[in-house]
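Chain nomenclature is as follows: A, B, C and D, assigned in order of appearance, with residue numbering initiated at 1 for each chain independently.
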Amino acid sequence: MTGPAPAERERHRIGMYWAAGCGGCDMSLLEIGPHLLELVDAADVVLWPCVADFKYRDVAGYPDGHIDVCFVNGAVRNSEEEEVARLLRKKSRTLVAYGACAIEGGVPALASLGAVEPLFDAVYRDNPSIDNPAGTLPRTSTETPHGPLHLPSFYRQVLRLRDVVEVDYQIPGCPPQAPQVWSVVQAVLNGGVPAKGDGRKVGCDDKSVCDTCAREKRHVRISGFKRPHEAVPEPGWCLLEQGFLCMGPATRGGCGALCLKASLPCRGCYGPSGTAEDQGMAMIGALGSILDATTEERARELVAQVVDPVGTFYRFSLASSHLKGGRAEGRGAP
Amino acid sequence: MAEAMPHAALTKDAPVAAAWEPRIVAFLCYWCSYTGADAAGTARLKYPPNVDVIRVMCSGRIDPELVTAALAKGADGVMVCGCHIGDCHYIAGNHKTMARMPLVARALAQLGIAPGRFVHEWVSAAEGDKFAALVDRVTRQVRRLGPLDWPRRMRERGVPGGRGLSPWSEP
Amino acid sequence: MVHPGPAPADPLPPHPPRIGVFVCRCGGNISDVVDVERVAAEAARMPGVVLAAAYPFVCSDPGQALIEEKIRGLALERVVVAACSPTLHQTTFRRTIDRAGLNQYLFEHVNVREQVSWVVEDEEAATRKASRLVRAAAARAAHLVPLDKRRIPIQPSALVIGGGVAGLVAARDLARRGMKVTLVENRPFLGGRMAQLHTLFPTGDNARDLLAALIQETVREPRVRILTGAHVIGTEGVVGDFRTRLRLEPRGVDEHLTYPGNAIAACPEETINEFDFALSRRKAIYHAYPGCYPPMPAIDWRSCTRCGKCLAAVGGKGIDLKSEPREIELHTGVIVLATGYDPYEPLYGEYGYGIFPQVLTLQQLIRLLDPEGPSGGHLAGNGKGPGRVAFIHCVGARQVDGVNVPGPDGKVKEYCARTCCTGALHAALELKARYPEARITSFYQDIRTYGRFHEEYYERAAEKGVLFVKYDPKHPPRVERDSRDQSPLVVRAKDMLTGGLELEAPADLVVLATGVVPHDISELISMYRCAVGYDSFLLEVHPKLRPVELAVSGVFLAGCCQGPMDITEACAAASAAASKAAAMIAQGRVEMDPFVSRVDESLCTGCQTCLTVCPYEAVTRDQARRVSRVSEALCTGCGTCVASCPSNAIQQFGFTDAQVISEVDTLLAPEPAPEPVPA
Amino acid sequence: MTGRRITIDPVTRLEGHGRIDIFLDEQGEVGDCFFQVPELRGFEKFCEGRPVEEMPRITTRICGVCPEAHMMAAAKAADAVYGITLPTTARLLRELQYQIFYVTDHTTHFYALAAPDFVMGPRSEPAQRNLIGIIRKLGLEIGGQVIQCRQWGHEAAEIFGGRPVRPINAIPGGMSKGLSADERKRLDEIVRFMVDFAQASLRLFRKVVLESGEYRDLILSGPYTHATYSMGLVDEQNHVNFYDGRVRVVDPEGKELVKFAPAEYAKHVAERVEPWTYLKFPYLKAVGWKGFVDGKDSGVYRATPGARLNVSDGMSTPLAQEAYEEYFETLTGDRTGRTPVHHTLAIHWARLVEMLHAAERAQELVRNPEITHPEHYRVLPTETPHEGVGTVEAPRGTLTHHYVTDEKGILKKVNLIVGTTNNHAAICLSIKKAAQSVLHAGVEPDEGLLNMIEMAFRAYDPCYGCATHALPGEMPLEVRIRDARGAVVRTLRR
């Protein structure tokens, strides 16, 4: 390890925290690899439970604004995570929503499509391996011979970080790509970040995934939809035009169109592109414009070939869509 | 979406509005459907007052985001009307509508919006009677379904968040 | 930029613009149902509204003057008028505020008559709806920006499609107004249907003499270019610069042909002569009719075998059997459609047509009565004349659903063909004149000799002893073989005037007064996106206000493509179309609403979705900058590309997301508490 | 007291991700001990209605630490749903990708999370007890190799599926893309390096751990020992297999209890629900749930690297077999491996043995000529989808995905038993036992003691990303010690 940090640079205090995420975001921050050493060289990591317990202190004991930049990944799924979010907002000068879950709810937000009760049933009561004759469910408070044990309460709706606290920047992606992340971290260290904006997106492109996708657009209309396992795509040709539902057009770039390199369609993890707010409806607007249909029957046929519209068009962004799921009425069969 | 709370204000500030009336937003293309709505008027046909018309030049302009935005802001129902296929003043604007709206309908159903709340129909400039009948039908079916009041629904679920969310209540 | 919140996509000016709201009573049309004062009062509480009041007739001169005065007096920056439908007076009010020096697109028109006061019974509900709409308009108005009409330079040239009487008149009139005119006719000869007529009602002129005169007038115009055998195969562009692609069938004959007669005589190929409605045959190299234009014959390539006998007969000059079709492109500022009609072709067996040789259509009868026609004007070779003749009216016209057999489009022809009554009587009288002993019975639904001087034909026919039998459309006449052999045929019908008494008329000749159907121009209809009426004729923008214009700017209607007309009406329509087109050209440019789409290149993400959505190909890609572009000249302002853009990078002037969403927001906002009811 | 708990103490909340409650009895000894997992996302439910072919892409979002495991389990389950038999090339590619992931994942855990305790010492400065500390102590060379191993691992992942992390390339019927000759060549280099690196790691372990008496004792000491059942996938020869095979369970003495096809998992494993945690407790049906106790009569089992070695009769690769024998020789004196190892801390060693095996196996696979076949990397499903189970050995335990779909392949039912969950009960045991051994009346608990408690569950490499959402290793941990009346007498925190 090289010597002490350059004296002229004031050492930053950086934190990373997860809420309802999967840890992939923390991993992606680890992915900066060798830069990790530069990071700890230039900044004090004052909170990063997954890799470092050194200097792990009582965050609540920090003075307000003690953390210069705090990255938070994961959605807000329960009361505990909301409290954590509030605390970190208080203790951090700059709060950064890190990754799809924190920004748009991510995959876990699909849970908002249904009510909580059936979810608990599926997990704790009704599955092939469950042994729960009494129908026991986790409770926020349980009496034991020794005293009560508490669990955070589970929310009906998956919330974004922005739904509970003010967010200064957002780094999209599931997970954000390491090079992008490192560029942001560097900017943070060298004070090169753009002016704070309410959830301004950083560490991503202004263009769509299509713009970075190497596949050729032939500007032919979609004459039928195929599911990824149903056909082998022609190499080098836009998957959407081939009929593989691809979220590329409606998705912010930054990933480098990685999934397309694996000849699989984009699923939209970088969230809506441009100023669109409802990624799913934006995609429907686009998709409906490029179907090869001149009669209603044909249009209906093609539309019927789209399986699971919400699970596809809102795979990562349901919590930031206009309707946010929320199961109002009806069975909601696709 | 703290701003999308008209109904809280509504019940608070405007007691008259307490008696619920369906709020339906209709997006109409200018050349056929809007003119068709005019035709209904010229013929003095009577229909319920619950549908407020927003005029666009072509149904092809109706961005699906407008549909969800209207519902998210408290509409109990949304109508989308355009020229019949083949009659589009812009050749094929309604071909896009014809493909988009069924997708919107399917997505809304999955999102838990009762199918009756979103209606997509073709109304020609001559079909004043069809328009009147349509408004009548949609208003009745939305009335049957009751208030959607998405903003309230979301606030109950803690969107926008903040304290006072209603967490999952245990059995 | 759809926002679930009220935050406008376009930042509003620091101070909300000063908005004036004018609510029209429309002389009670509105105010009888809508509490206009309350609507105005509630609108007055909207941000930026400095004036909101109700007035008796806002569209009247004093009303407009008032708006101008208020704009000046109160320095209004936006104007909202709540009145009738924008289709009626939007333009009126735009001009008004333009006169007051305010950009005419800073205007918002609210429809509280056709869509509120005329359709909502309950006054409270109507008032609330009107109030919602007006407040939404006020909110929208705040988002309006000044726009300029698009001005597209227009070429001083016209394409007239159709070489019949209407096309000729239109072409002549346009040329006389100084326009370059190209007249295209897909047959090898000009004249159209008129040439197939003999004498004309109500004047009795000879059809082909009149036609010849008109053709001469037209072709002598130096600015007129005639293209026969020309088919429109494609079109691009918009008003001001229509680019039309034509396929020109070779005539196969040129001016070097010295003795056309020899060539025709030498031709071994014969085919049905459609000019005589299959009553005669003609050669593969032929003249349509005596004195037709162009005078030189033409080769019918469908029946020509290129045997070369004609060429041999004229010494190998003036005939080219090898010539191939060629394509050309025309640039014109406007287009006049004069594609005409076809006589209704009765179905096989309809009134015995096709079964009994004695059953003719009116058109066939006219050809037979024509001295230059297939029979030299004689009905029967023996000169004895037709004997008993039965006319049946409304064949292929005024049909009854369920009674008559629908056409290929699945519809029966419910409309009146308008010319056949007079035409049939005209022919009946001519029969009487030539064969006084002919006994004529006319089976009709109603006699509609509606035109000026037309009724005389009915009266004279009655005088001359034509017997009129009014039949019941639900039980049309039946044409059968006469069992008693008094004559070949017998026509049976219920006579409505004698209470449905079954009459029968033996007939040596049955004439079907057939209606008219539009000439098949389905390609043109799809090419020019013409609106088509229920009767399958082309549909004008407004039958009274804009009778000769199609909704497609720069395309005009002349003659029977728009509906059944007699020659008088067709010529009038053609002249009207010509003057309308000329007027448009005279302005040197067309003005179009500025509601075009524009790509915000800073937002365009280069997904290329929009590139395939525009049927006018107004959207293109700038490869260098990896963004899309919209050509304002080609954009027709539908906004379809706007909804197709998943990044909301495309906005349509006059219909931005911010404007539309501001309406949505206000419509769904809490309704104001009602004013305390005055005691 | 309930009243006192209501007032929100951000500290408690903040550090509640893994919460241990220790209750002392009258004598001041540890009475009872609870380990709580406070998070749930509910994939089982919201995956319903999704197309089954998307599951390899969706379930990678269950855990960002071992997404490959979920991708493979999901892909295998989807194969089964469509009744697909994979072409050889597809199977080779899947296993190769999986083995390489194993090396990378075990590297991460050993060096970033486990080694600090051994290298720096369990009671060393927390500030030093991390990867950076290791690198400082062992020098940049090994540190560089650790980082290189991880990076090359991700490069390999990118070669397979375009993405360095969070792969997506396994689909029903095989892989979304094949392997080119050049790519194979590069993978060969990567794998060769990994074999060397795995051996180096074992040498390091011997040097720092085995040659130090303190750790040997620690590993063999009672507090860190549980005689439980062991579970793991084995091949026909009962050799360890991470990607495929049958699930074998041996009892604390090493006798085979059962060996079953993954599809029959529900016959043999049941999950218990406790109201005080969101995480379930799987146990062996045949034995039954006897509470949080170990021994032959308790259905509690472990599915860890150690458990996998316990259920196997050996390794299919030579170097790993040597390491296997050394491992058992040292810990049980029986090099055949018939006698199970129950020392929790020995799991770290077993992990290194597995790492070597994974690297060796990867080498076999990458050199198989069929692996670059231009077409056989996938087949298209032909049968009507219905039901399927997919099981792999995740680094942290046997991972099972179970799907039921409609005839269109839309999921109607989803059941998941993920790696760490298998060990949940055992982890509770280990923590309790560790606590009982270090906390006594009159002993002042300090950070070091606390870490020694934590080492007990760190050995499992508990991945609550899989189980719920938290991350392996240094879980933010709070220990509350209460007196017999339940009053908190002391709260310790790291």
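Keep this in mind: a residue touches a chain if its C-beta (ideal position, glycine included) is under 8 Å from a C-beta of that chain, and two chains touch if they have at least 3 such contacts.
None of these values were measured; they are calculated from a predicted model.
For subunit B, the chain whose average C-alpha position is most distant is D.
Each chain gets a centre from the mean of its Cα atoms; for subunit B and subunit D, those two points are 51 Å apart.
Between the CA-based centres of subunit C and subunit D the separation comes to 77 Å, rounded to the whole angstrom. Measuring from the averaged C-alpha position of subunit B to that of subunit C gives a distance of 35 Å. With centres taken as mean Cα positions, subunit B sits 30 Å from subunit A. Residue numbers of subunit A whose C-beta contacts span two or more other chains: 78, 113, 120, 137, 139, 154, 276-278, 282, 285, 288-289, 308, 311, 322, 333-334. Of all residues in subunit D, those touching 2 or more other chains are 49, listed in ascending order. Residue positions 63-65, 69, 72, 92, 96, 100, 110 of subunit B are each in touch with at least two other chains. All chain pairs in contact, by the document's touch criterion: A-B, A-C, A-D, B-C. Looking at the complex, you find that subunit A touches subunit C at residues 206-211, 217, 219-221, 248-250, 252-253, 272-279, 282-283, 285-286, 288-290, 322. Against subunit D, in their complex, subunit A makes its touches with residues 1, 18-28, 30-31, 33-34, 37, 40, 49-56, 58-60, 74, 77-78, 80, 83-84, 87, 106-108, 110-111, 113-114, 118-120, 122-124, 127-132, 136-139, 141-142, 144-152, 154, 174-175, 178, 227-232, 258-264, 267, 307-308, 311-312, 315, 333-334. Contact residues of subunit A toward subunit B in the complex are 76, 78-79, 82, 112-113, 116-117, 120, 137, 139-140, 153-157, 159, 163-164, 276-278, 280-282, 284-285, 287-289, 291, 293-296, 299-300, 302-303, 306, 308-311, 313, 321-330, 332-334. For subunit B in complex with subunit C, the residues that touch the partner chain are 1-4, 6-7, 9-10, 13-17, 23, 25, 31, 35, 37-38, 40-42, 44-49, 52-58, 60-66, 69-70, 72-75, 87-93, 96, 100, 132. Taken in their complex, subunit B has these residues touching subunit A: 63-65, 67-69, 71-72, 85, 92, 95-104, 106-115, 145, 148, 150, 153-154, 156-163, 165-168, 170-171.
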